[in-house]
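Shared chain: subunit A. Partners: subunit B in the first complex, subunit C in the second.
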Partner chain A sequence: MIVRRSMVILTSVMATGALTLTACGSRDDKGGNSDSGGGTTLTIGVDAPLSGENSTTGLGIQYGAQIAVDDANKNKLVPGVTFKLKAFDDKAQPATGQSNATAITGDKTAVGAVGPLNSGVAQSMQQVFASANMVEISPSNTNPALTQGKDWQTAKKRPYKTYFRTATTDELQGSFAADYAYNGLKKKKVFVVDDKQTYGAGLAKIFNEQFKKLGGTVVGTDHVNTGDKDFGSLVTKVKSSGADLLYYGGQYDESSLITKQLKDGGVKIPLFGGDGMFASTYIETAGAASEGDLATAVGVPADTLPAAKTFIETYKSKGYKGDYGAYGAYSYDATTAIIKAVKAAVDANDGKVPTDINALRSSVVDNVQKSDFEGISGKVSFDQYGDTTNKQLTVYQVTKGAWKAVKTGTAS
Partner chain B sequence: MTGIGPVEPVESPGAGESQDVIGGDGPRWADRWSAWWGGLPPRARGALAATAAALVAAGVLLLTDDPPPEPPATPLPWPANVTAWRYLGPAGLPETDGTRPTSGRFRFAVDVTAGPPVTLQVTGAAFPGLTAHALPHAFTVHAGTTRRVTVEIAVSDCSGLPRNADLPFLDVTLRNARAIQHHSFIFGRAYSEDLFALLRGACDPTSPPRAPRPSGSAGSQNAD
Partner chain C sequence: MNTLPQQLANGLLLGSMYGLIAIGYTMVYGIVQLINFAHGEIFMTGAFGAFTVYFYILPDGVSMAVAVPLMLIGGGIVAVLIAVGAERFAYRPLRGAPRLAPLITAIGLSLALQEVVRNFYPGADRAIAFPGLDATHEIGSVTIKDADIFLIVAAIICMSSLAFFVRKSRTGRAMQATAQDPDTAQLMGIDTNRIIVIAFAIGGFFAAVAALAYGLKYGNIDYRMGFLMGLKAFTAAVLGGIGNIYGAMLGGLVLGVAETLASAYIDGIPGMDKLGGQSWANVWAFALLIIVLLVRPQGLLGERVADRA
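After this line comes the complex of A and B, so read on.
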């Protein structure tokens, strides 16, 4: 009976509502149509290595941002505003990244940028964005100095108020890796190698210091160059050192070759690295030699994030290249943070997009700092340095030809 | 799934009862309608008939439309993604009859931000040679609440224990309706200093005795 009576009431309400809407429609026809045309198009730049070295993870950043823009436009997240993503390939080169930053800030429709992938590239871009008072959010930079200054270990000081990141730092990553190596894997003698880049050298240094604090021995250190292909001399050094683990600070392009040549040279020890080598390409390139190797990565496994499910499905269904696993969700959230900041700026301006692009950019910077929402990678907010407050890490190990999570952690 | 479980039939009517009876002691609905309708002037009857026809038409439209889609069910979160720990400080030491303490108590606040209740159990304190457990061993935190807990850490073997390290953590098993996870909660400088003060005191005979700790509410299990 309740259902029957509800249906009568609902039917009456619908009939009344239909009459009312018809009346409103008649009046609106005389006054014009507010939905016809108009609107503002705003640009978000995304910078990452989209070709050559590091492009597997770089493309994951590009398409993570693209899906965020598409979702925002589809859902009309900012009424009256259509967002456009403009992608820039920095080829993992600081100078190219700086040129790209200049191009992005020179675009008078641009309100913010996502990227870059590499910490060393970020160093060359930060000043450009700061001068334009435009927000830059990296989903992957992990070098602590980018947000906390060069003396971050003793006196933290934020260098640029326009720079933010959704990835946590190497202070956490290097320490977490060292603990897992020493206490989890029971490795006592490690050989530490880096690629002399801002990210790789910084991460290796933190790992080195923490491994020794825990009681381990660093039996040797060495450096390689990005782009190197032959690591024969390194293999010889590692072999003679008696190391039971090789730690590498750098990207998958080099580490996938190092581990293959290491195993081919008879050195059957695991290679352990950071988020820069957490990519499907690492396993594809190294093949069976990568079995048992390890990498830390920012965040928790995507399959434990229900909100990321739709994102992953979209990424796959669109046939996007690259690997979303490392930074795709963080790129999505970084882009969404910019879009939500634009919405806050519009809301604060009586629902209109500020006509002065400099005023809009400034407002976006301020509102990104105030970000507080549930992203697909978890809570999105930033501390006083521009660092994410979402400080999760995972240790992955290559198991049967795939990255498998073996330990997760959260810093407070 | 909502977790409501099977729905039991509630107060089913007996076989002889009519489900259409409304106010069984009054006049029949049709009789009352007929009397009321007959008393209306012809113009009013015409207007009401037109309105009724419009309502019926709208009702037909409503019934032939597809029912509105139900909002998608929110998936249950994994427990590690909704649980946070904060270090509050030392909680005092167990009585040690004047000898160097080999265990200490540390206070934490545990938040669960969403989802079903999370049951937690501390299983370790980062380093072999240490044992750790919460008081009580297992405890449950509900979404939207903070629970203060005390964790007792004991030194069982000094060999191999570091005397200083960054970002020590607690190993915790978390369980909710979605999953069981083994997860590490990592703490900053304050916890590191307090933990290694305990370790140095317990393992280094030459180190100065550990200063007395504030007693705090070692056994407090208050939920905020």
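After this line comes the complex of A and C, so read on.
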């Protein structure tokens, strides 16, 4: 009997360990390829979750970058240079993102990277790119600390000069949402939930503070784990709190389940979230329960931008998977910023591609900082922290089973 | 508003699901002393089997009253076939091998099943919307859905038929005998291979019932749903006393209720606000497991050697 009992304990410990480890395994990269047409081939890496959680938006980033690379090659944006996109799947795991970053910087033809989707993953990748002096532009990271340092509320200090983003920060997004909830929706009692990740917790905290500052009441807070499925206990708490709005900082994987269980539990209040849940998958998974829910997203709606029209047509005609709506246009612009910086580097070198990859990378970083062009999502330029100067935000609401823009504004 | 009745109902529902899955762990362990770590994935394939019946076989707009029994049959067939197939091709060749060999096989099988579903089932690389039974009922201050009623009724029927089967039927008694001493049971004319297959099949079917309830309740399924549910159900089986079928159900209920109550009330205790809420529910559930195992290493209902099937 003793043997059997210790066997149970041994096996449970071992199996738990083994099963946990498998979550970190890496998979072959499924790179997008384009034919090289003579001259030099330079690689741009793109890193995002391409499978599992968050992959709908992640694939939008991958193919947004792919279209930018194809356009640049077709239009011979940099004469004599063919760009190749190499895609890496980080599965929304910081450790996987870090090893992808190492793989990208180790590639002697790589000049820059686009991604990742998640702020928490970005934290583990920044240092790798900084050491290699390679530019990294995220189309979607919104955590303020990534560009303004961990003390961003009191003393802003840029931690890495190689990191840029075309998305605006949660400081603006959380405040914008709080303002819309209080003044636009006239909600006074809110229940705030987050998923404890860098992005979700940061966003929920800023929303919470701003909502109270405006005069609203936060009637309760809770935290969930990513991967949780049963929110029955949370729903009961929200119900008894008398909240008239649930604010969620996190991704659609959990928020779509929360809103469904909330409404099934008889709590008919809208769920409001950030750009992490602004995806068609949210509506597909939650179904009718998502009607009336809200999300803020960076920038203005892609389909209202005249410049993005061709992009959307290309995306659809190629039959790319994923959802371009959230970050596709930002990913396109981030990739274009790298390509334009390569062009500036080549121009500065008498029209020749610098043979020393390190010199090229360093020149690309400097030129991205100086970016100033009209992208498909608006003007692309960066401030002294590497943040975009385009600070537009939009509130979307689920109306008849689709995200519909209800308010666009510039965050102050 | 008094939330306790609702929170208890939430916990009992979650616990019934854990319990149904835990039966598979405990029966297999009781008979062959193998922790079948692929059982969570058998649960997952059961959900995909049920979804396949609904989405690809039944006509659009079919009433759920017709669909649910057919989905149960479909999910049951898939889960039972995979469970029995796993036994026949993965575990049986290793019978008599050191204990670690089948255990590692189980982990490998678990990963293989996940990846097969992820790669080959259309759209399974992300969550798939599952038809729900969402009509709600108010009973006093408790709100429950049709899916919850399905889960409770299914759990009660499954458990009582299993108890009846193990105690009264010839095969059930053969099972108890095999659990007590496989060699002697074989000498007495019991086909132990058949008994083992039956144990896997019952576990698989119960997992399919839980999987269907899961889909109907949460409205979506994905290829990784079996991992955490499997781990929790295994915990429930150990908590209740692994090898004991009543223990599995009791362990499931205790675990579900403990998790829910911890998530609901611990952050309301003064000074504990940082240690409560949904994100700490698992911590408290596992803390409970550790405490129970310290006091009663054999689990709540122990491993009654004479009646271990």
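Observations, loosely collected:
Heads up, the rule we're going with is that the second predicted complex is superposed on the first by the 372 of 412 C-alpha atoms of A that agree within 3 Å, B and C clash if a C-alpha of one lies under 4 Å from a C-alpha of the other, contacts with A are read in each partner's own complex, and residues count from 1 in each chain.
Here is the rule we use: a residue touches a chain if its C-beta (ideal position, glycine included) is under 8 Å from a C-beta of that chain, and two chains touch if they have at least 3 such contacts.
Only a predicted model underlies this, so the values are computations on that prediction, with no experimental measurement involved.
Shared-chain residue A:P306: touches subunit B; no touch with subunit C. Contacts of A:L214 after superposition: subunit B is touched, whereas subunit C is not reached. More residues of subunit A are touched by C (comparison of subunit B with subunit C). Within the superposed three-chain model, A:T285 lies in touch with subunit C and out of touch with subunit B [touch as defined at top]. In the superposed model, A:A155 lies in contact with neither subunit B nor subunit C. Judged by the touch definition given at the top, the superposed model places A:L234 against subunit C, while subunit B stays out of reach. Contacts of A:D253 after superposition: subunit C is touched, whereas subunit B is not reached. On subunit A, the surface touched by subunit B in one complex and the surface touched by subunit C in the other have residues 7-8, 11-12, 14-15, 18 in common.
By the touch rule above, subunit B contacts subunit A in their complex via residues 19-20, 22, 54-59, 61-63, 74-78, 80-81, 83-87, 113, 126-128, 160, 162, 164-167, 169, 179, 181-188. Of all residues in subunit A, only 4-5, 7-8, 11-12, 14-16, 18-19, 22, 51-53, 55-56, 196, 221-225, 227-234, 236-237, 239-240, 253, 256-257, 260-261, 264-266, 281, 284-287 touch subunit C in the complex they form.
Residues 1, 3, 6-7, 10-11, 13-14, 29, 33, 35, 37, 99, 103, 106-107, 110-111, 118, 125-127, 129, 132, 134, 136, 138, 143, 145, 214, 218-220, 224-225, 227-229, 231, 234, 238, 242, 259-261, 263-264, 267, 277-279, 281-282, 297-298 of subunit C touch subunit A in their complex. Against subunit B, in their complex, subunit A makes its touches with residues 1, 7-8, 10-12, 14-15, 18, 171-172, 175-176, 179, 183, 210, 213-215, 300, 304-306, 309, 378-379, 391-392, 407-412.
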